[in-house]
């Protein structure tokens, strides 16, 4: 395995490099000792130099944004697709035909085993449903083995990551037999860089807003991977980064807190990116901001289990997790470049 | 009833005028045609001029902050107590002895019918539990009649106001027979102007934090007035003003949305400060910011009823509601000075 | 003069009612005892109900947004034009022909006596330059007499208001003979509700940005009305409301602070919306937020005079000042509905 | 030079590890391949575990905060003093006596060559003025050679760093012969984690405030190192991180923009942490947030030169610059651990 910038071996490309997940991939990969960003693509800003949009990149990445053509990336080792939903299903087949290329899709197109969930929630007829079984859902804490050997991987939704990591040990152990309510709060980067009124500073600032209660597109990802039903209620929160999911579970099996902690310890005790907080510590997105960690806090109050799960939506909820999967797929150490402390402030 | 500033008839005093609820009382009462602010008191800043702390008041309120003495306010018509919890129970009896004085207490000391709730949650032995029955809980939408004829009134907690208004019609009609989870998000003014680390800009900014899950002091107020049990989970949100309570109710009686709307219409259809939003409108604190309104949004999703209740915590959650009760207690029109549109931005 | 809602006499219309200055006009006029909002117009959202966009208006303003036609507003007493620059110069002549209608234009089209300034900075050929002399520049503190008798008034730019009010007494008295540097900081509402990347929450939040240094369109307004040259350097600041202009003046005449204060006292001592702060108080937009006031702070440091001028850009910098002029034009008390205390928080 | 975590050679300690500069030192040093954090000290939180205050550190830094004793750190290679002003001058002499210890003081105590500047601005009698000549002012772009060979180094003030870097080439070349006005805007972390009202969220949020105009303590640092007089006007800006200094210089020598750019290119062309932006790019703190860079933008407008200088106040303005000096003092590559891209969002 390479040890320094001098031994770089993997050439990567990024489609959608001009969006928030795109520049976050660039920001993190820039420190990666085994990766070199070779090509950047963008539909909306093709022809511009990346540094025209993000001037701080000018001396480091004098790359021109090209229109993406899936036929011309065979020479890359890894391609990140930070593209709109409903796009990558059209060319994944072409990409899979390049013998040396591996792919991580950050869109929703390959997140589902059940194509009907995709088609119902995204209103798109999937062109390659036959590819779904071979493309693992990219949460390494759940599917590490599958990701390691995959040629393509589908990076989860940000809300879904926070909720699935928060609930997985309990769900997997069959401890959730009652109702589950998930009240999530996300920073505004979750909406991307697209121009829309609800993303304007003056609209989002100084206000908190519930939206798409019970109908958000990340719900079916959660239900597929957890094997349980949820009520999912997202909220737009006035901050750039961070998701806090507050999860309320009917404690039908009367689990004690120490029983639950033991289960989580078993699942996550050796996970480098999961921090189990004892409950006197406040569950907050500050503790994970700028890092690839997921901070989980568990409480038992009367007849409910309450789990708080906090991530940085742009890192563990998007670009960081994608790089975690990339490390696995390229045979690198899983934590490479990702084992940094949070910013806190 | 007086019609203009020239016919002012009521002299008011404010104890704790230097805090956030204090200056919000001053801000709103300043436009009140029937009220004149005569005296301001403060323990921590006694001797200073109010305009030394809030310079924009200098030409309008050249008042000196005095140390409060309950024996020297007999000449006032109305006294607002914007004081720390555990204070007013020591001198309420003295205040009630002034024949012409009416009192609105914005602290928690007289919010409970069951003194044990107070003593358990506030760790204080109440000196005048015998006064509790005669002091109504100041949500006019619930206790208008009692407030009108009261000599003293206890102004509710901010979280409690949002949750009680959100649940009251259903609870009162006996429609809540399953579990209720309340996930509330409050702006930072809810913590007051006290110096503590969690209230520092850099700690609260760009982060959302759960705290006091299941043990917050506003919980027993909610349970007493609603007659049901709740799981209450508050969150500190990076904004100055606003509370959004997202309330998840097990719909054991399989109520339809139109049945629920009809109940709320019956209770609130004529209430000047309740706005029932049809559910295609996003529940958000923007719609009530700077106003005395409570915006309520109702949804039925699968086996749950979801109620969103939004207030400005400093107005309907504190000073505005206190003035609403004052209007009632002084025989003025309930909406005087309070019927303003929200700021939105 | 009317005394209460029952004696309303003036019918007003608002073109561009769906933008930020439009809803701020509605918010303030809603409390005006002598005004009734009769018609609302919008190009981009014509056909929608105002309450579809701003749901909190639903019970109060069930008005439909119409496409504006300057020929059909003859029945109104006052029309506010909250329209894009380059629009109103096309129909002002038509509007002036309605015998009973008065007009306040919040765009830049009639702000200049020298039409070349307009045409140079706005890249538009003015269709009615002959109307410019009869339309006063709507800062009542400078042109009260002209506004009172005007049929149409041009409402100033937000930056221009803060800078002109800050410098006027010194400039008028001929005390500015050296260089003047204006470093202004504005909240994001100054950019309006238009969709553009720099107005996105995640772009504007947690960052301060200089822009259009020396070339901003509000500069020629300042220079025309002050009769001096300035270097104007605006900055986009992460907050919704407020402008703080920090003005640095070469003190060529060696004025003392008390001499300067005396000049300002003479000009502004009786102005209801100007607050002169003694310099130990910090110049801050908090002191004027939500109010029609301009807070001015004066310091003399070595060979410089420093003037800080703070306004709420949506109120004294836009809709509030327009209403102040409306009050004058309609023969009402100038401070009607505007004499409120700031929100502070 | 060490190449990986396995070859760590330098043991460091941090006094004041619980403050914002302290945890920022920890955050950055955590990724440093040649450094191990061995001891942490704190006066106010002695006896606590670092992870009790910052729970995300619990598995990585199970260190207990000790009371600092300058006699017991002889075994360290490097000690960072993130202490209040007026402290380190009392024990620097003791520290310098430890033969193997090097010291970086982040307080103001050793920033001045002229001790009178210190004593006037900090109201403290300096106990070791004789040490001042041997302790370089830690801006490597100015004093790289001196820092490399120093046993102790004094880390500059945050405002001072932004202003000195912005002006140094022009000042050093003798091109500044007229007046200079510096209008700086800083995020709230600049005030540290100390409890004071102006640092409360609700006070700092949604407002911009000028303070200490002409009298701020960072002024004499700027004047000493630049050899010119300035008018310095700082402003508290509602954001966590970042300083933007807008610097207005009388262009007495009629320099053209290309002449100025050439000068800056000569001084900074090879500097790894200075980014010269061409002026069509907006000067903004976003471009340096989370990085050790200083972004400089130069404009010439009429008879003024305008320089915008942006840094992250916690990194290039504090902990990052300290580590840059540490790298030099320990014989490591200057950019080690610091050559990261900004967060932007």
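Note that the chains take the letters A, B, C and D in the order they are written out, and that residue 1 is the start of every chain.
We take it that a residue touches a chain if its C-beta (ideal position, glycine included) is under 8 Å from a C-beta of that chain, and two chains touch if they have at least 3 such contacts.
Note that the structure is predicted; figures quoted are calculated from it, not measured.
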Subject >> Chain at maximum distance from chain A, centres defined as averaged CA atoms >> reply: C
**OP:** Tally the contacting C-beta pairs at the B-D interface and at the A-D interface, and name the larger one.
**Re:** A-D
Subject >> Rounded Å distance between chain A and chain B, as computed from the means of their C-alpha atoms >> reply: 40
Subject >> Approximate Å spacing (C-alpha centroids) for the pair chain B, chain D >> reply: 45
Subject >> chain A and chain D, separation of their C-alpha mean positions in angstrom >> reply: 35
Original post:
Hey, what residues on chain B touch two or more of the other chains?
Top reply: 20, 189, 202-203, 205-206, 238-241, 345
**OP:** Please give the residue numbers of chain A that touch chain D in the complex, ascending.
**Re:** 3-4, 20, 23, 26-27, 30-31, 54-60, 189, 206, 240-241, 275, 277, 281, 287-288, 290-291, 293, 295, 314, 340-345
Original post:
Taking the complex as given, what residues does chain B use to touch chain A?
Top reply: 179, 181, 183, 185, 187, 202-203, 205-211, 213-214, 231, 233, 235, 237-242, 244, 246, 248, 250, 282-286, 289, 297, 299, 301-304, 306, 308, 345
**OP:** Spell out the part of chain A that touches chain C in their complex, as residue ranges.
**Re:** 20, 188-189, 193, 195-197, 199-206, 238-240
